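Below, subunit A partners subunit B and then partners subunit C, in two separate complexes.
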Partner chain A sequence: MKRSKLLSLILVIAMTATVFAGCGGGDTGGEEQSADTGNNLIIARSTDALTLDPGYAYSEGEIDLMYHMFDGLVKFKNADLEVEPALAETWDTSEDGTEWVFHLRQGVKFHDGTDFNADAVVFSFSRLIDENHPFYGMGDYSYFDYLLGDAIKSVETVDDYTVKFTLNDKFAPFLTYMGYYSEFIVSPTAVEKYGQEFFKNPVGTGPFKFSEWKKDEYVSMTANKDYWGDVPQIDTLIWKVVPDDSTRLMELETGTVQAVKSIPPNQLEKVKSNDALIFEQVAGANIFYLAFNVTKEPFNNPLLRKAVSYAIDVPSLVASSYEGLATAAINPMPPTVFGWNNSIEGYTYNPEKAKQLLAEAGYPNGITVDLNTFTGARPYISRPLDAAEIIKANCAECGITVNIVTLEWGDHKTTLDNLEHDMGFIGWYDIPYPANFLSTMLLDGSNTGWAPQTVVDLTQKALSTYDRDEQSAYYKEVQQLVFEDTPLLPIAHSDYTIAYSKDIEGLELTVTGDINAKNVKFK
Partner chain B sequence: MGLYRYTIRRLVLAIPTVIGVSIIVFLLIHIIPGNPVDVMLGAKATEAARIALTERLGLDQPLYLQYWNWFTHALQGDFGSSVTSYESVTTAVLGRFPATIELTLLSMTIAVVFGIIFGVTAARYRNTIVDNLTIGVSLLGVSIPVFWLGIMLIYIFAAVMHVLPVSGRITMGLSVTNITGLYLLDSLITGNWAAFKDCFMHLLLPAFSLATIPLALITRVTRSSMLDVLNEDYIRTARAKGLPYRSVVFKHALKNALIPVITVIGLQLGTMLGGAILVETVFAWPGIGRLLITAISNRDYPTVQGIVFMISFLFIVINLVVDLIYAYVDPRIRFE
Partner chain C sequence: MNSEFTQAIKQFKKNRLAVLGFYMAAVLMLISILAPLISPHDPLSIDLVNKLKPGFWEGNYHNFLGTDNLGRDILSRIIYGGAISLKVGYMVILITTIFGTIFGLVSAYFGGVIDMVIQRVVDVFLAFPPLLLALAVAASLGTGIEKAMLAISLTYIPGMARVVRGSVLTVKTLPYVEASRALGGSSTWIITRHILPNILAPAVVYITLLLADAILYTAALGFLGVGIDPSTPEWGAMLSTGRDFLLMGQWWVTVFPGIMIVLAVLSFNLFGDGLREALDSKLRND
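Up next is the complex of A and B:
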């Protein structure tokens, strides 16, 4: 009996070992993978695209891809989003600023062989603007519509390589927006061929051609050897979806992917200390802020809004919530955007002043308010619940009792959109152009209910001049008014991050937060 | 009551369950606060887009009519089309099922084979170090969070030892001719050995992670059920007639001890579909769990409803099959 006991012990151990031995069976498995990478670049991201049609793309998972498959008439040349020629070589504008004529590049072909010309440009825009166009409404939400839908009156061909855009009024961001992905040109032949399926079969003029999309797995593209600009030096570009943060980093560490977008704060040390990797961060065009509901008690009282603003130690909050991946905010727009008002100092942490303002506001014995926050991460904050706890503690010291109300993002957004909150966390990420933050966000999407006529007038004036200095002057005034009336407390501008292997060079994170892999080469 | 009548009775009893599930799944879209169209499209949407989506989802009709339309279509396998991809929900789900099935089947095989062997061994050597070790390990198996285990396994076998791939279903650049959608089977049929080996390597870690909980449960149930059976009179009789102990354990005892084990296997098969959500996320496995997670984060309600209903339906079917097997194996049940 004793012998059989020993035997069975060996048996159990052997069984357990078999499970693992099965795993160890293919010693070459890992090596094969890194060997056939060749001249193929694989970038891992957390989410997949929903559409590959630039006219209807809007999420982070899609925008990266658009810049590689499509081109616009113009492209961004610097951090201020001034533009340079792309599919258009030159352009001029009428004296009143409502007509823009673009002279197109000749000899360019779409990936399917279709000629790029004025008809293609008119087709690309008409399908988004003209309700009677046979290919209108191929998606639910168009970023183009959001940016330029109300601004453009018509798009016409002048000759084969000349296009005229007529605007309803002068529209300051017009040329900048023309460089954004939602204004990129699609192949009319492909749209006619695929119709409603075009979003799965994108055809543009960009440096990479679409080759395959396996949903939730990857999108792959091959280099367009006939590209009109600099031809890519890599053969294949693959955007792999790896939802889990830890798994994604391990893919990079083992070399199965060469780059990973958006490094969470808790992986920062690990990435920075790895000699085989390069880590980069760029200032993000976004803002995370505390929105006061100015339409109802108690935050219709500006003194109370100021009291809360003095009670919160914003720099410490940013330091502990973002671990060095953000800058503390002063204005409702990132400092990297032109027109940022550098004479405003913002609120500095001052509990005494907060208590004094609280008393002046009519609450000498303190007050209880709700703070609405949400679960999950957004591009401008990865841990909103931590930030809420810090604000609660800060406020408690000044006699302001904060009830934290936590909802799932969708419900949270609905609550704030309906102005049912006292104060709540919210944010915005957009093109780094002042109108997007100080007009669209502030007046239409700030979740504060704050839109004084003076501010509406100022932003209107800013939108109707092409002179950037003039625009800056108006926008600086808007920022001053925001500071004085405090409908919101700016908290942070989160950085965009990327980590990539030292085996490659030329990978870039743009000011709009998108990956540019057009110039990548293996060392 | 014969097996035939018993089967009919169980089938009829399953109908109210299916209807109940369908009502809950249908109401999912109406429980969320606010207008579902606003929630799905977000604040920036145009009025035209909102009207179009409202009509597409039939939200302009009375609730009972909406339910009736949804349910009658669902019974025909039509769950509408995805809000984000315009693809038919059924097509999307069926396209993803093979990945999950492949993962679940391999996991279940690991769990059943090793669970029964461990359970029998532990029962046979009751109160010895072997028994204690088995029970200890299986306690660990149920307690370890699956996603944590998955990450640890990737760390050890992929990041440190470099013997297995980190994630995914197949190495980029390799492909399998699609016949059944089960990569292992398809690569076998086409004789594509490189792909077969590659897919097998990709399957091991997720399958093992997903197998831990059922493995532990099957081990424990097999052990306790074996202990009960081993105390029965007929076992003593068999031993007394001089049959070898090994043959008594495997031929007489195990067969009778398997009835509760079958129940556990059936229930675990359903639970595994849920566990697959975590495992698929950690291992970037393109199965039904990932589709569900993506659909939830995109607020793609038709897809969420379709997946939840189909998984619930599958769960009901599995339970039904288990009950029938149970009745077949143990005739006493049919007559109760």
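Up next is the complex of A and C:
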């Protein structure tokens, strides 16, 4: 008895102490922190990087960092991903559009003192393209290869500050993709020096220099005072790993960290009601959709696909499962991307029409179908099971019985890749360029088995012109065909979110969903 | 036989906790059987406008225990959830009893190579942690409450077979079995008339304790999202859904199914324990 009393006393004291410590952090701790550490910005995130090499980075935990340590030849200047000069000052293209010549910025140095010049650019790309290059294949997966691997034929130096890219064919997204992190330039001397260890000793030309990486704890960077562009106003930038959602929020509330990316919907209320925090959301370059398997019964029947599409109340599904952090989708591409077809109205909830179409499709007495879903959160949906249950309930009202098949993500993806499903949840998040959503995703990765020759031809035409208006026209036609044939039902575009302390300004969440902390300053 | 039975009941009644367990279990069963009559709403009907509404403590008597993240009535779901848990529990018992007894009996009675083969297979199954085995089987069988039942049964059949085998080995050597055999009784006769009735007690005890376990495992599978359609009002699945809303202060989504799991498992455990004691003392009295 005595012992348990003692124990409860200790527990009570411990709990009270924690409560007070929490308060202290909120009131004074935050200010002390910013006063003491002055110009240090700490950003908390859920996962750590696996590599710091832009050529082989691909996960969310890595991409944010790349934009701060490295530069590309060009950079994005607006939400349409049009580009402006970065390491290249000007560029021109040949008549036939297969040769691109970049004139480089002079006097730029890498963080290790190496001169930036044409050789460095060629080195950076050759190590990703040329299998015979001594530093080829230093990572598992190359995003560069995915984006441009098939498009680029060769990269050569013309003179010290001029580089020529030769493409196999005209490739519409070329210049846009050149502004993406996977095309960023690395220091050749550093790669030669560190070899296989380069991924943890990154050297670029960016506004921040790499200083330390403590695996699963943090990556820290210091401002590059010799930066060719605007020199950062903060001294240190730290990317701290805090895997637990609620701990991350707590650290933001107490001022231990100044910013947190990707706020889970269930923390939204708390973040929004906190006066010391600023919450921002940007339209995300992603899509969550219902993929019909058009290669087999029963969804090889377009009437049935339409019946299901009319049966589902998409807007109320989106409103309820995203807590206001998404837009209901109409086309298989976010409306923020150029070329989005605004003349399509999409499917509006209409149970009567659904029943009628179901009967026309040959199922007057209803039908039973499987709906495959994954269980955990993905960047384009946080609660897929809720969405599945809503669809099941919606469909039931129209005589369509839905069996929900839940699988863990890996198994789910395999099932859909092998086209073994009737209909299934899947999504896509990538660079907001129409070719990415309407060609790469729609024709190769949509898990519908749908690829009519007309659409293939249209996307080919769109890929071989640099004129964005012309591309828009082709892509609008593609979207119209998707709507008419309904291989998939677009559901939602999830917003990207960030919350940060009122003590700082200039923090930005880009259209690609990445953090831009280059212009941050403390108030 | 009759006096033995009354003796067991007498013994059982002495154990107050066990009696409590018995009554709780009886009430649960009654609720489950009457689910369609007493549940105030359809447990499956989604009402997105009224999602995550608190219950009677905030004056909401329409949804007495509040609504979940899709606006479904939690009280109705809990009531139907009981039916599902018990259904799974009983089916698991049925499957386990049939197959466990057959394997155990055959193994012990005939012995030799048959015993050897069956017991090595049982060893293999017993080597796996039960939840892991159930999880693997459920994941490979796919979604459906029937498949979850099968998955859970599969983890218990080996244990049951072991228990039955042990009892049969003891009973098999008793004089009355020898006598029956000497009188020319066939194997079927001996098994059904002499062996089965005498291994009943340990088997019944194992089965009763198993019911509580089966309910718990069903909840665990539901919680992990394997084997059960997420719209099914299953306690474990409800618990898992509600987890995301605990932080936001919507505790009722998790707490009520949690309480039901505790009550169900507790009552069947108490009942099973009491039964074991009662039957054991009966064995001692023999």
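Here is the rule we use: the second predicted complex is superposed on the first by the 486 of 523 C-alpha atoms of A that agree within 3 Å, B and C clash if a C-alpha of one lies under 4 Å from a C-alpha of the other, contacts with A are read in each partner's own complex, and residues count from 1 in each chain.
The criterion applied here is as follows: contacts are C-beta pairs under 8 Å (C-beta built on N, C-alpha and C of every residue); 3 or more make two chains touch, one makes a residue touch a chain.
Just so it is clear, the structure is predicted and the values come from calculations on it, not from any experiment.
When the shared chain is aligned, no partner comes close enough to touch A:T90: not subunit B, not subunit C. Contacts of A:T406 after superposition on the shared chain: subunit C is touched, whereas subunit B is not.
Measured by the number of subunit A residues touched, the leading partner among subunit B and subunit C is B. Contacts of A:K215 after superposition: subunit B is touched, whereas subunit C is not reached.
In the superposed pair of complexes, A:E389 makes contact with subunit C only, with no contact to subunit B.
By the touch criterion stated above, A:G445 is placed in contact with subunit B alone, subunit C being left untouched. Judged by the touch definition given at the top, the superposed model places A:S246 against both subunit B and subunit C. Within subunit A, the residues touching subunit B in one complex and subunit C in the other are 246, 411.
Those residues of subunit A lying in contact with subunit B across their complex are 5, 8-9, 11-12, 15-16, 19, 22-24, 26-27, 29-33, 36, 40, 42, 47-48, 50-51, 131, 137, 140-142, 145-146, 149, 196, 199, 214-218, 220, 238, 240-244, 246-247, 250-251, 253-254, 256, 410-411, 413-415, 417-418, 445.
The residues of subunit C lying in touch with subunit A in their complex are 44-46, 48, 51, 69-70, 139, 142-143, 225-226, 229-231, 241, 244-245, 247-248.
Taken together, the subunit A residues at the contact with subunit C in this complex read 246, 266-267, 269-270, 316, 319-320, 375, 383, 385-386, 388-390, 392-393, 403-408, 411. Against subunit A, the residues of subunit B that register as touching in their complex are 32-34, 38-39, 41-46, 48-49, 52-53, 83-86, 92, 110, 114, 117-118, 121, 124-125, 128-130, 133-134, 137, 147, 151, 154-155, 157-159, 161-169, 171-173, 197-198, 200-201, 204-205, 208, 281-284, 286, 290-291, 293-294, 297-299.
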